[in-house]
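Mind looking over this structure? Questions follow.
Each chain carries a letter (A, B, C and D) given by its place in the written order, and its residues are counted from 1.
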Amino acid sequence: MEITMLYYLIPSLIMFCCGVYGFITRRNMIAILISLELMLNSVDINFAVFNRFLFPGELEGMFFTLFAIGIAAAETALAIAIIINVFRVSEKIDVRDVNKMKF
Amino acid sequence: MEPVIPIIILALPLTMFLVLGLFGHKMSHPLAGVLGTAGMGVTMVLAYITAFTYFFSGNPEFIDADAHTRLQSIIFNVDWLAFTDSLVLRLGFLLDPISALLLVVITTISFMVHLYSNGYMRDHHGVWEKGFQRFYAFLSLFSFSMLGLVVATNIFQMYIFWELVGASSYLLIGFYYTKPSAVSASKKAFIVTRFADLGFLLGILVLSAYTGTFNFTDFTSTEVAEGVYRVSEGTAEGIRAMIQNSAAPMFMGASVLTWALVLIFMGGMGKSAMMPLHIWLPDAMEGPTPVSALIHAATMVVAGVYLVARLFPLYLMEEAALNIIVVVGALTALYAAMVACTQIDIKRVLAFSTISQIAFMMVSLGVARPEFHHGLGYMASMFHLFTHAMFKALLFLCAGALIHAIGSNDYTAMHGLRKHMPITHITFLIGCLAIAGIIPFAGFFSKDEILTATMGHSMLWYVWMSLVAGLTAFYMFRLYYLIFWWKEHKVPEGHHAPHDQPWTMTLPLVILAVVSCFAGFVPFGNLVTWNGEEMFDSVSFFTNFKALDWSVASISLAVAVVAILIATAMYKKENPLPAKMKNALPALWRWCHHRFYWDELYMFITHKIIFGCISKPIAWFDRHIVDGTMDGIAYVVQRSSYAIRSLQSGNIQRYVWVYLIGALLLGAVTAICLM
Amino acid sequence: MFSNILIYFVIIPLLMLAGFALCRNDKQIRAVAVIGSTILIAMSVWLLVDYLALRQAGETAEMLFTGSWEWFGPLNICLAVGVDGVSIAMILLSSIIVFAGSFASWKIDDARHFFMWLLLLSTGVFGFFISIDLFTMFMFYEVALIPMYLLIGVWGTGRKEYSAMKLTLMLMGGSAFLMLSLIGIYYHSAPEGGQLTWNILEIAKNDAISQGWQYFLFPMCFVGFGVLGAMFPFHTWSPDGHACAPTAVSMLHAGVLMKLGGYGCFRVAMYLMPQAANDLAWIFLILTGISVVYGAFSACVQTDLKYINAYSSVSHCGMVLFAILMINTTAMTGAIMQMLSHGLMTALFFALIGMIYGRTHTRDIRLMGGLMKIMPFLGVGYVIAGMASLGLPGLSGFVAEMTIFVGSFEAGMKDFLAGAGSLRLVFTVIACASIVITAVYILRVVGKLLFGPVQDEHHLQLTDATWWERLSVITLVVSVAAIGCFPNFFESLIKFTFSPELFRAIGL
Amino acid sequence: MESVGSIIVYVVIALALVVCSVLAVTTRKILRAATYLLFSLFATAALYFKLDYEFLGAVQIAVYAGGIVVLFVFSILLTSHPGDNSAKLASKKRLYGLAGGLAMLIVAGYSLISRASFLTATASGDNPVMEEIGMKLMGSGHGEYLLPFEAISVLLLACIIGGVVIARKR
């Protein structure tokens, strides 16, 4: 059996759908962030896979993934800082409670 | 003629106005008074010089000695505002018989009033009226405007000064500005005359749009030399041809020229207080009495007459316009005379008498035709303008003296003053005799000539006007007796008796009384005629006397005497006759007393119709409908924003849902399309 | 670029702005305001003299002092400047009003920011009047509009937020139309496929815009500017806006900003699209004719001084647009005169109202009376302003109105005789009637406010004008009287603009 | 043809990836969710190794698994008490979420599988050498990434400052 591109994409897709599900259903902001990471990760996989299978001579996909990881790290750090800050103010990290800044 | 003197005549009052208006409040009262009076005195002397030069110098600029015809001479004419190449508004100085006459009248009366006001605007203890300097400033402004009006070389210049006299009249009527009645009277005067001026303006526009000119000389005269014109119907015929040849000579059944002339006459009706635009004049008596004498008796109110006289050759072309003038004038004359019989306020009696007398002048102009005694009506009208200015100013100044002494306008507070104020008594009597038309006082000659001219035109109007003349004699003597006779004057405890006034007030009375006695002998027929032609070959002191048509004169004299006798019977001593008469004709008396309810009618129109039915609904419409629409648009936008605001809830999970559904749909669509 | 005098009309206000930012106290701010506005007046007089000298020397170009500097190449947007008699008259007007306005707001709160916004507004105004590039013109137009929002919203009185919002939104709505039409003009400025241009002179010279497009663009352009010119039914921002604005802003707004509307209608709508103007004039004649009478009647029953004046502005500005639409040299000259005259006298009115309001703290005429006795200087000023407004000869209103009436009547008569309907004639007569109504409302106010007995005895303690207020009032009164006494000077200044070639398309 | 070992490795990695992802979003204990995330990140790293992207795999472990998850754990410990369960989801909400996720899965999966022919490419190429990666990161020519590298360093700096500012005690 040949492990083609499809075999890599399917798990990545499932991972992404898990991320979507979690993002929609979770209320805990950290859990939402975790779902977000899942989605990001699945996209990263896709980049690497496409690079490896379709353009093996190039490194664009890999670099994209590399930068995505860097940005994801930054984004997460900031998001967590915000979440902790929110928690400090409202003692809750339920996404429904954070609506003071709406409108 | 060198333009220096005419320029000074105009500039001096203006300068006085500016000086007194800007710096008056820093001057002492006597200084302001003396300055104003002296300025006016100089102006008067210069005006006399000008008029004398015009009439008697024999200069070819002014008179065509061969044809015995006086000419119109433009002394100077400065471009002020060029609307188009041909329609140029100029400020100039036109010297011709009527402007020379009016120069004399205006400066004389104005000087008398300036002099008189020095005494009048001060109470018995010598305390100056507040705003005394302002008063003199306004008087100077008025004199300037009125002089500018009469010397206008074109109809638009006349309109300019016409507006200016209106404004100065407004300021002077409202001189006692803390008095609500004075304020509303001044407002009324301005607005009513403004309304009339609208007609004047439209008339000017129509006339100028057709003829392409504003100049009086283009309307009425032909040029005989540089700046010198001769009044003739020929030019007027040219204008008529121009109008008739244009594409739309008719408008709503009347010719354009008729429209223009009637509209212009409407302006004259406003200023000259012809019915139905007369209502402002009785109220204008709220102003200080010298002002009434100057503006509302002698000068400004005759501006309408002057306007018609100025355009007389044009009016001659339109019989219809002249007929309208006659009818309006005759109705006004009778109306005002009837009302004057029932008024209590002496100034109002005089005001209605003024209206009536101006109507005489109007009628006289309206009946004037060149074929009848060289346009006798025109001459008579100007003559009456002159004499009336003198004796009416006299009467007003006397009334002022009475009011000054008594402190009331009401004759019921006066009665039997003849012993206390002898000079006023005599001068007032002279004025009454003059206006009643008793020989040899001034009014007799001018009124007699008006009646002669009227008879030459139509018997109906002759009888009508004679009746009015009788009424005039009656109400004037009613006033005279009620003031000076009726019953003895009782001085209330603690008051000192009324007495004659200081010399500043007495002198003008005496001068005017003397003039009223002798003004009738001025040979007007040789000085002022419609086309400048002299009527008599030679003149002497008795020219007018000799020229009398005794068939008319005797009748009018008889009417006057009978009217005076009736007045004597009714009012000399306290008796029940007036009350009986009042009870005999209650309706008539009531209508006359309430001035035929014209004021109420106007009040109804202005307050109920214009304010209530036009302005208020418009304001409401503006606030609620127009602005409401704008607010409504804003409201709808705001509401819809609120409605779609919940889409932008800030709930990120909902965004994901929307995103997800969108992505799914997109995917599904792509899939289906690719299938 | 800096050798052109016109540029300095924009630069000086900007320098003043910078100056305000550096000032440390109110005294310095006032000094900057006074020096700057004096320089502006001096420069506009200098410009006037220069212009007349050039004309005297036989210069016949439509615009003088022209200059053009590219700003954004791909769209051919330039900073193009140039003036003719009309612009110079407007520049003169603006500088006088800025001068008087500076004195009228001598004691305003938070002077620094107030003057900064005010000067930004003036920058826009001056920029608008010197521009002959449509885009730049529009930009300056917007620069002039926006500060109004803050000036009213922050320094105003009464329902200021509402009014500021309404004013800004309505004017923005107008400028949306305007922008559409300007872009339309741009894209049709070169029918034969040449370089598209925003330059008014080039467009006018080529007679570029095709007739069909004119019919589409002219109404938008006219309405766009007409909103600012308070054309019925787009005038309702004006009463509220003026009522709530602080004194100097009212002055500048009614005095200058509303003139932007009239000037724009003339300079852009009529100048570039004369055929459509001629054919569609009847629509706007009806609207503006209504404005004239409607504004006057509305003013008759108002009780707030500023409302009265705002409605009277509607009436007078309606007269401006009305006269422009007559497409007749005399009437158009009158329209520009009326802009000058209305600008000055309405600024005078608003200055006086502001001063009276600052003392009595009410603008309701029913609560005041007999003020002439208490504050004679302001009273006399008010009477003069009123007299100018109702068209007393010797003051500016008369000259302007009469020129308009004579011109309109001529145009109407021409139409009538040519069998082209009597609309112009009828509306001229109606507009003439406004002189009576004007007299009614002016005298009503003067009578109630200044004359009669004193209504409120607290008013007896009030003081008359201070020296800076006197200076402001005297400046305006002298200007009003100057126009009224020497109209020929101004008429000939303006008239040259209306060269027959301009409207050759319709055979003016 | 792949070796059996390779297939087994693939199956293990794929299973770990899928299962851990599913558990990470379904567990009610937040700390466990973080742990499952860690595992799925490890699985991803393994996938990179499998694809011969060793440097990428190393970065994934170092940054993601090592850095980010630690952040997560710290924040969880800071914001929740041990033994806290997240509230049980309303069945309706879970159903909707499930439906959405599944629909996504189906549509995307369908479009993947329907393109199966296109996706039959096999892996080829070598593990990029570190030197090449380094040169590419530091180069500024075509296909080189100095600018993004610098940009991300600025971003990280901004992020550090932002984090400090936001989280700092007032």
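Assume a contact is a pair of C-beta atoms (placed from the backbone, for glycine too) under 8 Å apart; a residue touches a chain by one contact, two chains touch by 3 or more.
Because the structure is a prediction, the values reported are computed rather than measured.
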item	value
Of A-D and A-B, pair with higher C-beta contact tally	A-D
Centroid spacing, where centroids are CA-atom means, of chain A and chain B in whole angstrom	95
Where chain A and chain D are represented by their mean Cα positions, the distance between them in whole Å	6
Between chain C and chain B, distance of the C-alpha-averaged centres to the nearest whole Å	37
Chain C and chain D: spacing of chain centres that average the CA atoms, whole Å	66
Shared interface positions of chain B, touching two or more other chains	657, 660
Chain A: positions in contact with at least two other chains	20, 24
For chain D, residues contacting two or more additional chains	100, 104, 108
Pairs of chains satisfying the touch condition	A-B, A-D, B-C, B-D
Contact set on chain B toward chain A in their complex	645, 649-653, 656-657, 660
Contact footprint of chain C on chain B as seen in their complex	79-84, 87, 89, 156, 160-161, 163-164, 167, 170, 174, 177-180, 183-184, 186-187, 190-191, 194-195, 197-198, 201-202, 205-206, 208-210, 246-248, 610-611, 614-616, 618-619, 622, 626-627, 629-631, 634
Chain A residues within the chain D interface of the complex	1-22, 24-28, 30-31, 33-35, 37-38, 41, 44-45, 48-49, 52-54, 56-60, 62-63, 65-67, 69-78, 80-85, 87, 93
Contact set on chain A toward chain B in their complex	20, 23-24, 32, 95-96, 99, 101-103
Chain B contact footprint on chain D (complex, rising order)	100, 103-104, 107-108, 110-111, 114
